[in-house]
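Heads up, there are several structures right after this.
In what follows, subunit A forms one complex with subunit B and a second complex with subunit C.
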Partner chain A sequence: MERREFLKIGAAGLAVAGAGLAASPARAATHTLELGIVDTQVELIDGTLVTMLAFTKSRIGQPSVPGPVFRVKEGDAVTITIHNTRQEEHRFEIPGIDGAMSDAIPPGGSKTVSFTAPIAGTYMYQDGLMGPLYRVLGLHGVLVVEPLDGRTAAGSQTPFSLDRIGNPQAVQSVSAIFDALGTTERFPGSKWVPCASGEPYSIQERIWVLNQVDPRFNALVVPGQPIRKDAALTADPSETWTPRYFTINNRSGFDLAEGDDVIISNYIGEPTLIRVVNAGLAYHSNHIHGNHLMEMAETSLRPGSGFGKPMLRANIFERDVWSMQPGQRKDMLLPVEIPPDIPLAQRAALLSGTGQEKLPMRYVMHCHCEMSNTAGGGNYPQGMVTHWDLMGGVGGRRTASL
Partner chain B sequence: MADIESPSPAAAPAATATAAAAVTGAAAAATFAPSALAQTASTLGPKSTGMPGPGPFSGGLPDFKNLATDGVESYETFGCKVYKDSPPTPDWQRASVWFDRRIASHEIKMPDGKILDFWVFEDEAVGSKSRNVPSPLIRVQQGDLVHVRLKAAKGPHTIHHHGIEPTTFNDGVGHVSMEVGTEYIYQWEANTPGTWIYHCHVNTPLHFEMGLYGAVVVDPKPDPGTRRVRAFDGGPLYDVEQFWVFDDIDPRWHLLEHGAGLCGEDVGLNIFEPQYFMVTGGVSRRGTSVGKARITARANQKILVRMINAAYSQVRVRLEGLEYDVISVDGHALGKSAWNRYQRVAPGEELVLATANRYDILIDLASPVNQAAILKKKSFRTEFEFVDWITWKRQNLGDPVAEGLAFSSIDVV
Partner chain C sequence: MPIAKYISACALGALTMLGGAAPASSHSKVFGAPVVQQDALVERTEPKGYRPPDVTTLGGPFALTDPNGRTVTQDSFPGKWILLTFGFPGCRESCPIALDSLSKALELMGPEADAVQTLFVDISMDRKPDHKAMAQFISNFHESVVGLSGTRAQVSAMVRNYKIRREYGHVMVSARETGPRIDHSTFIFMIDPQRRTRSFFYHDLPAEKMVEQIRKTIAQGD
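Take a look at the complex of A and B:
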């Protein structure tokens, strides 16, 4: 198949929309944000064109799937106005945040939701109508809530509201990880450093939004027209969903071999937080090569008052595979340590560049539920496959920039 | 590539039948190099399934510019026309243990009588008797420098030692290094005791499903004096060991050819509808216990089970009546760092494995809860439910031959 032109719509989707953060972490800021709901054309990795629903960054902005990243701080007052330019009803919601649900937004209408940013964590905003259907068709994005003061007792920064976690064991476990970074033999180098205010991602933080595409469902979206009805297809999507494309930040395969929103290119001792969200309808079993990750926080998917709330794990496993159920959000830490099974006798030469094999070391990340590594029924590995690069040893970034 | 050395049979501790047979087979075909004779024989771990190193030599500088390492990266080289080669192994180290794995075909009879084609890694020194799903165990000892020689057949293959974290060139992923045309010796050091997987990473959906995988175990060094081997370094001792390796089989996939779909054809590799289910190589038949998954132990013993999910289903594991501890996750032992500890699982509670997850569990039959259970009965059902990745329903539900519910037992004798 011919290589088609690459539309960088996914990368553009991670533009930040959380302007106006307060300078003082102690004072709650106010965020007044706007989103539009539109349809947009997306070209998939094998050249297939589909129509998706998308959020725009403002009333009339560039459509992006996933929608723009919002970053706010715990306690901030957030107001989001959503403008529906489509010809069918929509609704905006953020599972796990009390009050963050709009009334139905009629065609051409607008609605506003206001809420106080809750405990720190990774949240997904979405269209909650039609079950998860509008979400998988593109109406989803990430809201990051940062802690007012995420520091451990020893002063290490974390992405969590440690002062508001009821489970002392969880606080102890998370603190132990962040305190170990940069201070132990296993984790030489730097501490974890939060993303600078206003940036969608940083050297030490990434957001990966997983999704799938079943073009039969996209065919229901007709540009400028009300969404087509197909009761047999949409009555129970879990029975009819037959995804053919598997994406991270709306790209797959070769298109995921580039893009700083996804790819981590770090030196040993630059631990990196990966916020992983599954907006799709299929489960994923993400597998990373080169390092194990610490699975620190996940989302309660049990129906009830706790639904959608982030939970810190008391017992933090180091995994090379982590499951991502539909709607799941997880905070994983890639320690960026020396891959432990490189022979000890080989490491000095590798890091100094005098060995035969050279840096950077490229390690793939892919879903191990291997159907998701395909595109259009074949084309391995043009599905949910990306990588991270180990650039060099401790302090290498400073040396490289000289 | 030339074999310059192979171990002498006399130097090999016949720790296992596999190792002994392997050494004999390899020695018969080998030519000796004087330099290698001067080297002292390696000490294999008591449970090693490998041959003592250094093994055949194939060190040297690969032509990185004609591989994915430094070559031009394009849409085509990513999937359809991946770099293929049989390069030497860069930064060659002297191996303490080595393995031969050759691609071979294998047939397995399903419970309805249908015979399906599988592809396996054969232990070349053992020959066709080692053809099995899962492929022969790679078992080494902590600190071993491991060489695994892959001999490809029926097209290119690789070996990815899943969870083992070596250099990129030895990680076995074609589009970031190379697919192996004829042969390659993978090099890594076994620095973390635990349970791992090795599998082919070419056209992975298909090759993993076709059976190109096996277990990898890294044992800690034995205790001084007693020579007993713990579950991991500083971990518990155990009396009985079992592997529970889960697999699910969609017969439609087993009719596909090696490179199906790679250059753009729609061969339906996004659709997986398993009809057969295996645990540790035993094919499950509805209503019949899987013998290969059975465990027998005495009432005061400790059982170590190494679970590996090689299925594309999520697998829910339930042990009737017995409690246990998860002691290791994805090869990383619990309780060695301040952020984790053993996870107790109550009788009947479910443990869920995502695809490629591993859990090592320790069932201590001497624990008070388990002793109380043993007073009442001696046979405990073990249940393995295979669940679809989208519908969350049991696979092949209601099928009279095999549905996604396999079971076996733990029998206290």
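Take a look at the complex of A and C:
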């Protein structure tokens, strides 16, 4: 029996066993995707123009940093053809997915990788050549693998392959949180609702790709030519990397004050999953105000067969600061609950609009790493800083629109 | 042994173990770190705390645009002193205070005001300058005041050259403001006709004090 067939049957069996839940046999889909590799000009927050490397969604599509978001379901057959339009070799890989690595792609050439989508999670595709250099220069993007089912025993939707996690404690912990959403005094409102297939983000799901820009490295990228050699700079970028811009989805400072791809604007009871990926070379220490986040899953960065694979946490901590190593991916759940700094006695007044604190309320998310704070002088002019908005009370938005 | 003596003895012992470092003074109660005696302190030669930047290091060439689309540079007002301040047209706090006081100061100076040119530079971080908003905002103040905007690169260069701090306030927009809130430096810089920055003063000085400051700086010569 092929693995795909096994998954189909396994999922169907689970659905039938799922206490009367709708049982539609899941079918492994086939995805044929294309990516181009180009260089492109990017204007940074202070008007500085740099050349970055970028993926395009097809051979000649619009370049973007990060690359386009792909969504597939576990067990799907995925084929990605990568077209290299640049004048030097590139390579394509997705750490944590077996078989998702191409040979070197010659200038003007194309290569294809095929794999079966593994367990659900947040994956990063990248160019692995030149160590991390091509990745941090822009050749990175996110592949989201959604679960075939992902529901808890009580029927709550999760973004994880609970039936394939060999860690009962993790399954129990994740289930407890997703079951509590919308059913408990602390988490009133809605369940978590996954993003529609094909969409990069939704009201209850965001993707934050962290990265940094060191313009000295970008200056090596000459449009239409191979990257200029500078042994002193590129022999070991992890030693010479001195970033000046700290980005989420390739924006920093004021440019992170807007944009629905980053900024969450939700009502109480609209829990939101933030898939955070660090494509850069610097550590980040993200700190969010207003709510604690639940750190649901992270990526194994331990060398070996497990490298790059997502791991559900057995003990789920509430974080207001979470660390992001280079290459790390974490799935963080923002519960969008009444902020715990609102005293219990004031909560009813908050929701009725009669309290001292008024909705909507805005809370900052910023990186605690000092270099992100101070690059360019002042407070985050070129740094990683954004916010989220608590728009109103439970039911402020029709559930059907989630 | 009383605990204070025990702690002192421990500290002395620890210092001895550290290779003959100076013993703790007899009256100190030390726990966990050696004591540096007062007379062993090296006299500090560097002043402590915040110091404003050396005014002569501020400034530089600039190229910006007025609300009519005309390019304005440091050479656009030959022979005049420049009063330079930074802000944004949506500001309803420090910027109107600065420009209102400056306007009154220019009135008080009478014909002397012909020797100076006031420039208000938009430090908004929008991708495209809002010339219309600038023109409307500036129309509230002295007719000689010129509002200037620029590309991100032009404004950022100027912000760097004058060490201006500006940061977007991640707060819900104040009812007193229009558009985003930006916290920013509010100094008013004086630039001589040779285009050297000579002094700066606070935006909330009374107009009379501003006149004093302007006259004093000009009297020092260019």
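Points to keep in mind about this one:
Here, the second predicted complex is superposed on the first by the 358 of 402 C-alpha atoms of A that agree within 3 Å, B and C clash if a C-alpha of one lies under 4 Å from a C-alpha of the other, contacts with A are read in each partner's own complex, and residues count from 1 in each chain.
Following the convention adopted for this analysis, a residue touches a chain if its C-beta (ideal position, glycine included) is under 8 Å from a C-beta of that chain, and two chains touch if they have at least 3 such contacts.
A quick note: this is a predicted structure, and the numbers were derived from the prediction, not measured.
Considered on the superposed subunit A, subunit B and subunit C are sterically incompatible, since they clash. When the two structures are aligned on the shared chain, A:A154 is found in touch with neither subunit B nor subunit C. Comparing subunit B with subunit C, the partner in contact with more residues of subunit A is B.
In the superposed pair of complexes, A:M361 makes contact with subunit B and with subunit C alike.
Judged by the touch definition given at the top, the superposed model places A:A219 against neither subunit B nor subunit C. Once chain A of one complex is fitted onto chain A of the other, the partner contacts of A:N291 are limited to subunit B, with no touch recorded for subunit C.
When both complexes are overlaid on chain A, the residue A:A104 reaches neither subunit B nor subunit C.
Of the two partner chains, subunit B is the only one that A:L344 touches; subunit C does not reach it.
Once the two complexes are laid over each other on the shared chain, residue contacts for A:A196 go to neither subunit B nor subunit C. In the superposition on chain A, contact is made by A:E43 with subunit C only, not with subunit B. Legend: residue contacts after superposition of the two complexes on their common chain; A:N379 is shown touching both subunit B and subunit C. Across the two superposed structures, the residue set of subunit A contacted by subunit B and also by subunit C is 46, 253-254, 257, 361-362, 364, 377-381, 387. Contacts from subunit A toward subunit C in the complex involve residues 43, 45-49, 253-255, 257, 360-362, 364, 377-381, 385-387, 389. For subunit A in complex with subunit B, the touching residues are 1, 3, 46, 172-174, 176-177, 180, 238-239, 241-244, 253-254, 257, 281-283, 285, 287, 289-292, 294, 315-323, 339-346, 349-350, 355-358, 361-364, 366, 368-374, 376-382, 387.
Residues 61-62, 64, 69, 73-76, 78-80, 90-91, 93, 145, 160-169, 171, 173, 175-176, 187-192, 203-206, 208-209, 260-272, 312, 314, 329-332, 334, 337-341, 343, 352, 354-357, 389-392 of subunit B are the ones touching subunit A in the complex.
Within the complex formed with subunit A, the subunit C residues making contact are 125, 151-157, 160, 163, 165-168, 170-172, 180, 183.
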